[in-house]
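Listed after this line are the structures, all set down as structure tokens.
You will see two complexes here that share chain A, one where it goes with chain B and one where it goes with chain C.
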Partner chain A sequence: MLIWLLIVPVLACLLIGLLSAPGRVTALVSASITMILGLYVVVVSMLPDFDTECLTTFCGIPLQFTTATPLCPLMLLLTVVVTFAALLGMHAPGKSAERSWSISTLLISAGATGAFLSDNIISFYAFHELALIPTFVMIGYYGRGERRTIAWRTTIYLGLASMVLLAGLVMLCIEMGTTSISQMHALVTVYGKLPGTPVTMGIISGLLLAGFGTLVSLFPFHSWAAPAYASAPTPIAMLHAGVLKKFGLYGLFTLAWALGPASRFLFEGWNEVLLVLLLGNVLWVGYVTVAQTRLDKMLGNSSVMHMGYLFLAFAAYVTSSGSNYLALQGAGMLMLAHGLSIAMLFLLAGQIEQRTGTLELCALGGLARRAPTLGFLFGLAGMASIGLPLLANFVGEFAIFLSCFVGWVPGASSDCGSGCGFLDSISSLLGGLGSVQLCVVFALWGLVISAVYMLRAIRRIFAGEIAPSCENVARLSCSEVLSASLLGALLLLFGIAPFLII
Partner chain B sequence: MLQNLPWLFLALPLVAAAIDWLCLQRCPRAAACCSIASAAVCFALCVAYLCGMQTGSPGVYEWFPLPGYSLTLGLLMDALSMKMMLVVTGIGLLVHIFSTGYMSGDPSNHSRYFAGLSIFMFSMSCIVLADSLLFTFVGWELVGFSSYILIGHWYDRASAADAAKKAFITNRVGDFGFLIGILLTFGVFGTLSFSDMAGHQAVPAQSGVLTALVLCLFCGAVGKSAQFPLHVWLPDAMEGPTPVSALIHAATMVAAGVYMLVRLQVSMGTDAFSQTACTVICTVGAITALLAALMATQQDDIKRVLAYSTLSQLGYMVMAAGMLSGEAAMFHLYTHAWFKALLFLAAGAIIVRCHHEQDIWRMGGLRRKMPLTTLCFLMGACALVAVPGFSGFFSKEAILTAAWESSIPLFVIGALVAVLTTFYMVRLCLVAFCGSARAEGAEHAREAGPSMLLPLLILGVMALISGYGFIADTLVPFAGFHAHDFEFGVPFLTGLLALIAGGGLAWIMYGGKQKQPDTDPLTPRAFSRALRHRLYIDAFYDKVLVGGIQQWGAAIVHCLDDGVIRRLVGHGAALFTAWCGKILGKIQCGSLRAYVLVSALGLIAAMILFAFTIIH
Partner chain C sequence: MSTSYLISASYTWGQFTPVFFLAGLAILLLLADAFLSRLSKQAFPLIAAIGCFLATCGMVTGPWKNPYGMLAAGSAALCLLLAFDYRTVVHASVAGGDREEGSGELSILMLLATAGVVALTRARDLIMLFVSLETITLSSYALAGYFRRNRGSVEAGVKYLVLGAVSTGILVMGIAWFFGTTGTFALTTRFEQAALSNPYLCIGFLLSLALLFVGIFFKAGAVPMHTWIPDVYQGSPTPVSAFLAVVSKLAGFAALVLLTLPLAEMHRISAGMLKPVMFALSIVTIATLLVGNLGAIPQQNIKRLLGYSSIGQAGFILVFFTGLRSSLRVDTLFYLLAYGLATLPLFFVIGQLRMQRGNETISIFRGLGKTNPRIAFLTAVCLASLAGVPLTAGFLAKLTSFRSALMSTMPGAPITSALMVVMVICATAGFYYYFKVLRVMYWEEPPEDDLKVHFSALSTGVLSLCVLGILVLGVCPMLF
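Let's turn to the complex of A and B:
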């Protein structure tokens, strides 16, 4: 049954492309079908004793699909919802553009769905490549600014990363003797198999981290991301930043889950490096974000920055030998929440640009007076992305931070008697903190950084005197409000009741 | 079912906020009624619980269930939290009622305003009733958010929008430490729940990690209760509507830091607070009290005088909490909530009636124009400067006594702050209420309407009586609180002396029949200039930390990121790809001879390989 999630959008693409069916309407119908189907799959796969065989077979033929990996339902939900919202809020410049925008949106979505559902590592990889192609094309043809250069740079960057990743995946499959994720999980948990000698494990994990890391814009391989998002047409930016980028993290977490206790040995050698690099994401890119003067660049960089927290969860997860559920579920929650919130932000940024003709922060001002609904929705998404409680991002971030302290025991060196001074207590504390905990302490500063850039953007765009560009702006249309509200409502729902999808 | 009744404290305001915001955008009157109704029901519920209603322990909300460790949210209903709830809902209700009068002539969106108030009531209740640090933190961030939207209520005013942003970000800096503290607590105690922390023996008391943990948690209080060096946001927060200043920035939210410290002392036990930690907390409180009182003496804006006075009183409370005298801290928190809300609301009534004039040097003679409001304001002022018999007298006495018993330097600072407090309040009253009107607005002022007067009178009564034992013993948010009998000792004499000294000084400077200056006669002095510029602390933050380090740092990082990392990694990747292309391109040179040569070489290589494998 899962295969329908792929067949429907591909059929819709064919209808639009070959039979010139109306682009947006056809795509919306397809997205509605996949959304309903996807929600059904998410619900049933969460039921405790549900036989998933009917999902993974097609006309009696078993397919290498699964919903059994822990993050799969969350990612599926994210994909179908963001696709629907992207198509609903889409404004293409002209009829033919509308067709190609719809086709690429559907193809990216289908590729991402296929990747998240795959049980086979090779098809998992191939689906992602399928989704990347329309991304490049759309940036190259319909992007903003120096679109050709940016499209080429992104292509080279991600192309190389995919090759590195493929090498890592193939080596892993050879060492484990299987290409199936579920079989790998069984081999490790039942037979305690290790993926090779320490040296090969080091090579494999290095390749995986570099490959997946580049796809998720891990510092210092992040330079492609912000320009690409800033340049891409709105639905493409929404889908790539919101959904497709999660492929890398999903891959890392799923493999670490499949390898269970063995994941610790696999990634041990790179853990300290990863901790330093993720601080680069949070702090370095955080300050890069503060320096941005255009909204789209700022959002792109903020999305890179937030990936740091997810790598933090990954570090906590693998150091616990895969027993840290808080890290895994927190990361799943944050991936979902970040996808929803960044997609919402890009959607609203597109609507701001369409109305005012600019995204330069200094050219905007007082927009909330003219378009209060836009202001409210942007504020909601902005607050979600900086981790305000009652919104889903907070749940993920808090769970991740807390998960890093699961299993930590205050160091023995902290015992220094009653006469200890202030400096003593700090040094003993630093001695008592492990590397992951220390990394969290630094990463928490990111909460301040994200408040700085997001509140500054909201202040510049929506508050203060009304700028000339914001003088005569149209209110949001019904479909625009609906698409953003859908994302906002889900952020609120999962923020208040995260247990629904844990 | 009935046992979950306390969850209404959270559900009602949240639902009211949602209804105001989503459904009642166009009918502000209904929105106001909706919010007032929710606050009234919460207040009634709170009174019912304090009168002894029992409904059993409320259920726990499984927020983030996991196989190993679940994150749950629950309500803790003890004397500390329920009596604090009475302060919050009581003052909250009065402020809601006052707001209808205050906002009536304002053209902005009232539904948004009342929704903001309701969100605030919800989040403050979260902090007060939280049974774990997780829940406290949820409320902690949300009160920051509601304060952000209420300070920025008039967001088209640049100063209001900037003040809102500043408040949120400054609080986030404090929360950075608070969150580290929460994580360390989880690491050390293995739980975030207040009731499980008690009697935990895993960590030896006084150990370094415990000190660090307490100090990190204290950072949260420094941000929320606006202690030095994060005090800068509170005076700016006066850009918001005055009822908001009364509720959030005087009576309840800013006191949350003190409440949290006392809650920790109750649940972890005072043993967890090592000598080092206590010294730091006391010092921060004392510095704040002193600096803020100094700055208050030279402010011209009536709300700013009150804002600095709030800072200084919060300093007192934090000092008391640092002296491990949670009883005194909570007593002062409780009396301060009533009389400071009164002062702010009375100031709000004056501001409205003087046509939005906030400069005290453009007021004057208000005692004849607005006698009842003046009376209320004076009662609040008497309580603040601790005139014997008023509520503030008893609680300040408690703090001074605690300081006298624990450390002489702190006592001296406390006494000095008391002198300054009297000085600036007497100055304010003399300038604003005595003499004759200095400007058009004050000339035409008239008595406030009933929706504003009623809350003022109720608060006035509370400012007078809330310190006496018969009412304090039942209402002060501290388990087993007992108002001490009056003692004729050093603290009392010092307090009296401070009252006379401060009042006398102010009378010499600003009093007298013939004097009616239009500006502060101290203005030309250097120290006055420094105090008016807030001792240049804000300027230092703006210029050096924000404009200098952050702006330039971010710009430099951005340049390096773009110039070095993008070029190095990005161009490196591009060059590598191009190089691969060139090498592979060379093979496809199109020359038949070269192809034949390569095939021949390949053939030979293959033959050698096969030959070797055959031989071996």
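Let's turn to the complex of A and C:
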């Protein structure tokens, strides 16, 4: 049955592309169908003892799909909701643009859905690769600024990353003797199989971290991300930053989950490096974000910055040999929350640009007086992105920070840290914090940084004197309010009641 | 020593029926060319193409079953259809402009070369291999220089002839050494192993292998015998370029498979004896990958670009050989099929664009996405398959190549790691240069004076069929 989540958008694309069906309406119908279907799948897959066989087969043929990996339902929920919101709030410049925007939005969404549902590692990789193509094309065609250079650079950058990733995935499959994630899980948990010798495992994990890391914009492989998001048309930026980028994290967490206790051995050699790099994401890119003067660039960089927390959760998860379930839950929650909030921010940024014709922070001001709803919604999304309590991001970040201390005993750093190393030698000076715990201490500063840039941006855009560009600003239309509030409402809902989905 | 030791005794006449059919058809057409002046010359490629199709169908199953031959004859049929589609240009050039019709030589030569390829796939010994390779090569010399009045074509023909002669010399030298060290022309594991385990013959046998490989690399388009490819593809008539790019390359790889399979068998029995061979093959593979894929990056002429691309793709196929595993026969065939399905239709598009937009640079694709959206989409799928985008046959072919590199030798050996790194770099470079064409198609405005490019129903049909094949194989490779 899950196959319909892919067939419906592809059919809609064919209708729009070949039979000239109206772009936005057809795409919205398709997105509504997949949203309802996706929500149904999410709900039933959370029921205890529900037989998922009816989901993963089609006319009796096994599809090599699964909903059994822990993050799959969350990612599915994120994909269908963001797709719907992106299409509902979309404003394409003209009829033919509307059609190609709708098609590419649907294709990216279908590719992401396929990747999140795949049980076969090769099709998992292939779906993501397919979803990247419309992204490049749309940036090159409808982007802002130096769009062709940016699209071209992004293509090459991510193309190289994909090849590195493919090498790592194929190597892992060969070592494990299977391409199925669930079989891998069974092999490790039942037979205690390890993916190869220490040297091989070091190579595999290095390739995986470099490949997935580039796709998720891990420092220092992040330089493609901010320009690409800043240049992409609104729905593409929403889907890529909100949904597709989570593919890399989803892959890392799912493989770590599948390998269970073996994941610690797999990633052991790279843990220290990863901790330093993720601090680069949180602190270095954090300061870069503070220095931005355009809203789109700032949002792009902030999205890169927040990935640092998710890598922190990953480090905590693998050092615990996959027993740290809180880290997994926290990461799932933050991935969902970050996807919703960054999509909402890009959506509203697109609406600001459409109304005022600019995204330079110094050219905006006093917008809240002309468009109070816009101001409120942007404020809500901004607060969520900072990590204010009662909003979903807070739950995720809090759980991640907490999970880094799970199983930590004061003074016994070697239990939680990754053995010997540079960070550990500092940690012994600081009262026996393990390297992961030490990393949390530094990463907490990121919360302050994100508050600085986000609050400053909100003040510049919405408060103060009314800037000339904001004089004659139209209010949000009904569909625009609806699409943004859908995302906002979910952020609030999962912030108050995270137990609904975790 | 009875003669059965000298050559393989397993040949039967029946096996070669498709070869005789193709060669007979070529001779009939030659006679018709000379004596039946009322038969339109434009019908020649069509008749030859139908003949090739029949041969293809004949080799599907039954006593003549021959997957490599099938692929060769099928591709040759498409090349002939391209020549049919291209006929106005072909004949105008040959006749110097004032005569309406030229001669049917192009189809006849292609038929003969195809017969050579099919015979080659049936070879069991070096004599047969050499004779059939020469049949292909001699026909190809004439094909490359087919436009006698065109400087590029003549240059291509001469270059091909000179370099080809060198490679033939090397090949013959290799055959002689092979015979000297093993005492037979037959490609069998038993004699080769005897030669290899004899300390006096070992070096000589390895030398013979090196010479044989280098001689055949000329056809397959691998370093160090790759230098002719860009020039000849650029200079030859488009149908001939397509033929050289697909059918002739297939012949090279079929010969390599014949040469390597006994070695693979030997490797299976006693691993370790063939380490130097594997090492040398890995070096050649790395060099071929680098030369082809990095050389393609700066190219502006589309046929030259496809020339470098064919070297690069040959590098990915050679990866199968570095491991000396017996699965290389099937893997190579699948890769060649994926490659042919994507490359042949591109030549159809280039043929039409060249005729209507007047040159061969990449800019002839300008704005095709606006003027001919359907053709542009089909072309995009072919390019994506060559680059290795998922859901296309090309992706699975590249995936097999990657897997084979990872499984082939001891993990951690420096040469294997180097091969992996080079493969990753080269696959990325592929994205760059194939998508360069895509970029021109979609991102650049069409030239003002040019409107829609006219594509004949034949081109469109072939293009659609090949793209369908690419997608079907990309989604369900088990059909293969």
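Here, the second predicted complex is superposed on the first by the 483 of 502 C-alpha atoms of A that agree within 3 Å, B and C clash if a C-alpha of one lies under 4 Å from a C-alpha of the other, contacts with A are read in each partner's own complex, and residues count from 1 in each chain.
Methods note: a contact is a pair of C-beta atoms (placed from the backbone, for glycine too) under 8 Å apart; a residue touches a chain by one contact, two chains touch by 3 or more.
In this text the structure is predicted, and so the values were computed from the model without any measurement.
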| item | value |
| --- | --- |
| Partner chain(s) touched by A:482 [first = chain B, second = chain C, both, neither] | neither |
| Contacts of A:500 with chain B and chain C, given as first, second, both or neither | neither |
| Between chain B and chain C, more extensive residue contact with chain A | B |
| Contacts of A:140 with chain B and chain C, given as first, second, both or neither | second |
| Touching partner for A:14 - first (chain B), second (chain C), both, neither | neither |
| Touched partner set for A:127, first chain B, second chain C, both or neither | second |
| Chain B versus chain C as contact partner of A:164, first or second or both or neither | second |
| Partner chain(s) touched by A:46 [first = chain B, second = chain C, both, neither] | neither |
| Partner chain(s) touched by A:199 [first = chain B, second = chain C, both, neither] | second |
| Which superposed partner A:447 touches (first chain B, second chain C, both, neither) | first |
| Set intersection of chain A contacts, chain C complex versus chain B complex | 156, 159-160 |
| Complex contact set, residues of chain A against chain C | 122, 125-127, 129-130, 133, 137, 140-141, 148, 152, 155-156, 159-160, 163-164, 166-167, 170-171, 174, 196-197, 199-200, 203 |
| Sites on chain C touched by chain A in the complex | 384, 389-391, 395, 399, 402-403, 406-407, 411-412, 420, 423-425, 427-428, 431-432, 435, 439, 442-443 |
| Contact set on chain B toward chain A in their complex | 62-69, 71, 109, 134, 137-139, 141-142, 145, 148, 152, 155-158, 161-162, 165, 168-169, 172-173, 175-176, 179-180, 183-184, 186-188, 203-204, 206-209, 211-212, 274-276, 280, 550, 553-555, 557-558, 561, 565-566, 568-570, 573-574, 576-577 |
| Sites on chain A touched by chain B in the complex | 153, 156-157, 159-160, 220-224, 284-285, 287-288, 290-292, 323-326, 329, 366, 368-369, 372, 383, 387-390, 394-395, 398-399, 401-402, 404-406, 408-411, 414-418, 420-422, 424-429, 432, 437, 440-441, 444-445, 447-448, 451-452, 455-456, 459, 462-466, 498-499, 502 |
